[in-house]
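You will see chain A twice below: alongside chain B first, and alongside chain C after that.
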Partner chain A sequence: MFISKLKQALICLKAGRVTLPYPYKPSPPPEGFRGKLKVDIDKCVGCAGCANVCPPGAIEVIDFDTGWRRMQFHLTRCISCGRCEEVCPEKAVTLTDQFELSTNTKEDLTVAIEVYMDTCQRCARCFKPQHPLDKMMVTGFRK
Partner chain B sequence: MFSILEKCFKKSIWVYHTNASACNGCDIEIINALTPFYDAERFGIKLVGSPRHADALLVTGAVSRQVCPRLKILYESVPDPKLIFAIGSCATGGGIWFDSYNVVGGVDKVMPVDFYIPGCPPRPEAILFGVAVALGLVDKKVAAEYLREKGFSELIEQGQPATENE
Partner chain C sequence: MLTSREIIETLKTKFDKQILKAEEKVSNQVFVAIVPDVLIPVICFLNQSFSPRFLINAGTDVVQQDGKYKASYIFSFDSEKIFLCIQVAVDSTDPNIDSITPIIAGANWSERETRDLVGINLRNHPDQRRLVLADDWPQGLHPLRKDFPYDYKPPPEPQNKVLLKKRPEGTKVIPIGPFYPVLEEPAYFKLFVDGETIVDCDYRGFYSHRGIEKIAESKLTYNQVCFIAERICGICGFIHSTCYCEAVERAAGIEAPLRARYIRTIMLELERVHSHLLWLGIAAHIIGFDTLLMQSWRIREPVMWLCEKISGNRKTYGMNLIGGVRRDIPAEIHDEIVRVIEKIERETVEVIDAVVGDTSLHARLKNVGILTEEVARSICTVGPTVRGSGISIDSRIDHPYAAYELVDFEVAVETGCDIWARALVRLKETIESIKIVKQCLLKMPDGSIMGEVMEEIPPGREAICCVEAPRGEAVHYVQTGPDNRPYRWKVRAPTYPNLQCVPYIIKGERIADVPIIIGSLDPCYSCTERMAVVDVKTGEEKIYTKEEVMKR
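And now, the complex of A and B:
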């Protein structure tokens, strides 16, 4: 038994220090890690495609009468699956590698964006052209 | 709040780990954070076997209706002052089951939560970071974001063509 303990000690000495010096030194996540999402407001067209596919329904879409559309990304229940990034036609939403999201209030975990949508003159609802080409043809789809 | 914490938790924090109907992903990460590789015991964080010995409660999972009364009992058996950590997206906001019929949807609906560590599951580093935030070693790195596109009138004011992004 004594010999086996000695052997163990030898193995430990050989391995040296294995502990990650994490909070004192940064530990970048591996390639392809999906963390906090980031939205580029200049690219987003407010199509709400991301809200449609989000498995936990973390993206809330609120339409105002004034033509503004507010999209709230609730990072409290975002599971970083990357579906929104996948479907976004304009590549407006990307998942960064930031993982240090700990906070003491839930309010810190929301990303809200507001985009201006054009509305149909008859029904006053935001409309969706059939084809990306149509989107470019429609004057004032998005001012 | 942080100064009170420093006063109350000067010494090592002993944690009790609770699985409130989590899928086990977050639990594995908590165990991972306690291994010698991540070594949470550097900060005096030690896993204890009874809530009565604990200073902090690590709760994972989107509290199902069955576990809810047990969680309340558990909360009451931790001596004051206590810290509650909600670990994982399920515990912070209900995660993918937030509107499911059998879950309450988040730990904060059952008891007051002090620190939220979202992620599905959070990296062990993220859990360590959360504990470091709680101990006042580092500052938190997230804040609420609000972005607003330039409106029609603002664009005209700036003299930019309104059909810029068409």
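And now, the complex of A and C:
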């Protein structure tokens, strides 16, 4: 008993202080971290591939008419899985290393972009799912 | 050794025409359809001749296809590495079936769950109360039926409240829960005590349903389910996504590349390391030994960082997809992985050395919460909980998945049957897991990490997969559906059978020991309670006040 307690005390002493000084000092995540997503409006073609695969349905697609589409990324729902980044044919979505998302206004966490679609939505040539199990359900992209 | 063929032959000879169909749909998985009348004789016969271990009962609504509800009783032949699924189709106009609980006590919850969710009524079941559905869920509404919309919120019917057992003469009631400080999640144990000693108890849980199975069956695609499967448990999520993926892969005949299987094994074992260290801390905390909590969690933290580095997140790895994994473990970080886990190994050994001789721990943990081999077998308990009672069940050996066939490790078994034995099993397993990770890193071949999935998965396929979670064995059953989506996905988390043995192991114990006894099962309520769309406002009081307020 006594020896056990001594050994336990020794473990504690050896460990010393381990708490990190975060948030007083920044604590950057490792490379490859899946954080807040970023959309590049110049690259997005509005193919909705990302919306099709997104597991929690965090990407909303609103069609105004055949040529004009709004993509809304609801970061409140996003689970940072990175599937959108993986399937995006234009590399328009990327996950950044940001993780401090707390805010007082929920709207801060919605990113909306509007895309003029040209013929893209009808011809469906610009996007083909890489994986046959990723079912395409958003209009415009079924055969 | 018994083969799938022999099982089919034996059943056919014995029951002849009453076996409607028997086939090995997936290698080592036998599916046998029988007529409802012989269910009890078949189960009795199996029990007497082979005594397979009961896993789960899954109910499926196939009314649209053939006007029936289908009940599937899944058994495991552990040493033969075979799954047997006995299927009975029940007429939808008269959905009644004989209960098998009088023969197999471990089927109790599973059958009641099928009754609640699919609406197959049970004749002769010893407990006709609802299990999964909330107290105010309307009578006769079964959320897993296909005609029940996944987003429908029925009006509450408060009169359906489940009545817990009446207090036996001469005892007092001590409630533990629904919210009890040391058990992190909601569950209600109503203890009947005589002085300090527990005479009996009753349980009401399932407060944290999230309707995961329903949403997966009605809305999600195969690859989307991987992510919700990972969220079944906050500690061992990866095992659920692996289990789901392997079940679908088996059903569809997709093979994940070897490298992907090794990566899955590594992640599974890292998960076991951090889960066991987490448990050690919590168990120590429950008995007031916070030094050990601090130290074991300190030792654990680097695994979390390691996983963050490998997968991009410290807990939800999001690595699995049908057919393989999404991220590789490149050679550059192998050294770092080895460094981190070797340090953990050293420190864990030090901790084990410092606590095994601690007599104050012995006083709290030895000969407390005895789970006898007999009870463990009849309740079909799994994981470290039974391995502490001398039963060597481990699906890594019994039903190999990922790359476990290709690595060597020992299954930790203790014979003490008490909390101390269960603790030792977990500590030994932690060390074994580290060995497995090291082996995997050495043996892992180069190659792709995602298998070729050439086409959509055809409907009507079925498969079962078991994965050994830190808490015990998780079972997933998948039936593929039309439209390239799963039709039925049934999950059984390890706490599900384990929690059913609580009444047995707390009987005769003292009140002060109850938290650590329950804690020694490493319970995880959210995993257990994942299957119905439920409103958690349970208390009659709350509804009463609301009505009262309305009146005024």
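Note that in this section the second predicted complex is superposed on the first by the 103 of 143 C-alpha atoms of A that agree within 3 Å, B and C clash if a C-alpha of one lies under 4 Å from a C-alpha of the other, contacts with A are read in each partner's own complex, and residues count from 1 in each chain.
Operating definition for what follows: a residue touches a chain if its C-beta (ideal position, glycine included) is under 8 Å from a C-beta of that chain, and two chains touch if they have at least 3 such contacts.
As the structure is a prediction and not an experimental result, all values here were calculated from the model.
Visitor: So, does A:Ser80 touch the first partner chain B, the second partner chain C, both, or neither?
Guide: A:Ser80: touches chain B and chain C.
Visitor: Counting residues of chain A in contact, which comes out ahead: chain B or chain C?
Guide: B
Visitor: With the two structures laid over each other on chain A, which partner does A:Pro89 touch: chain B (first), chain C (second), both, or neither?
Guide: Neither partner.
Visitor: Determine, under the contact definition given at the top, whether A:Ile11 touches first (chain B), second (chain C), both, or neither.
Guide: second
Visitor: Under the stated touch criterion, which partner chain does A:Pro29 make contact with: chain B (first), chain C (second), both, or neither?
Guide: A:Pro29 contacts both chain B and chain C.
Visitor: Thinking of the overlay built on chain A, is A:Ile3 touched by chain B (first), by chain C (second), by both, or by neither?
Guide: Touch status of A:Ile3: second partner only.
Visitor: Quick one: classify A:Pro55 as touching chain B (first), chain C (second), both or neither.
Guide: both
Visitor: Does chain B (first) or chain C (second) touch A:Val111, or do both, or does neither?
Guide: The answer is first: A:Val111 touches chain B but not chain C.
Visitor: Kindly list the residues of chain A that each of chain B and chain C touches, one partner per complex.
Guide: Common interface on chain A, chain B vs chain C: 18, 29, 55-56, 79-81.
Visitor: Spell out the part of chain C that touches chain A in their complex, as residue ranges.
Guide: So the residues of chain C in touch with chain A come to 220-224, 226-228, 291-292, 294-295, 298, 301, 305, 308-309, 312-313, 316, 318, 321-323, 326-327, 347, 350-351, 353-360, 453-457, 483-485.
Visitor: How about chain B: which of its residues touch chain A in the complex?
Guide: Spelled out, the residues of chain B in touch with chain A are 1, 36-39, 42, 89, 92-99, 106, 108, 114-120, 122-123, 125-126, 128-130, 132-134, 137-138, 140-149, 151-152, 155, 162-163, 165-166.
Visitor: Using the touch rule from the top, collect the residues of chain A that touch chain C in their complex.
Guide: Checking each residue of chain A against chain C gives 1, 3-5, 7-8, 10-12, 15, 18, 29-34, 53-56, 79-83, 86, 95, 131-135.
Visitor: Can you tell me which positions in chain A touch chain B when the two form their complex?
Guide: 18-20, 22-23, 27, 29, 35-36, 39, 41-42, 44, 55-57, 68, 74-81, 98-116, 136, 139-143
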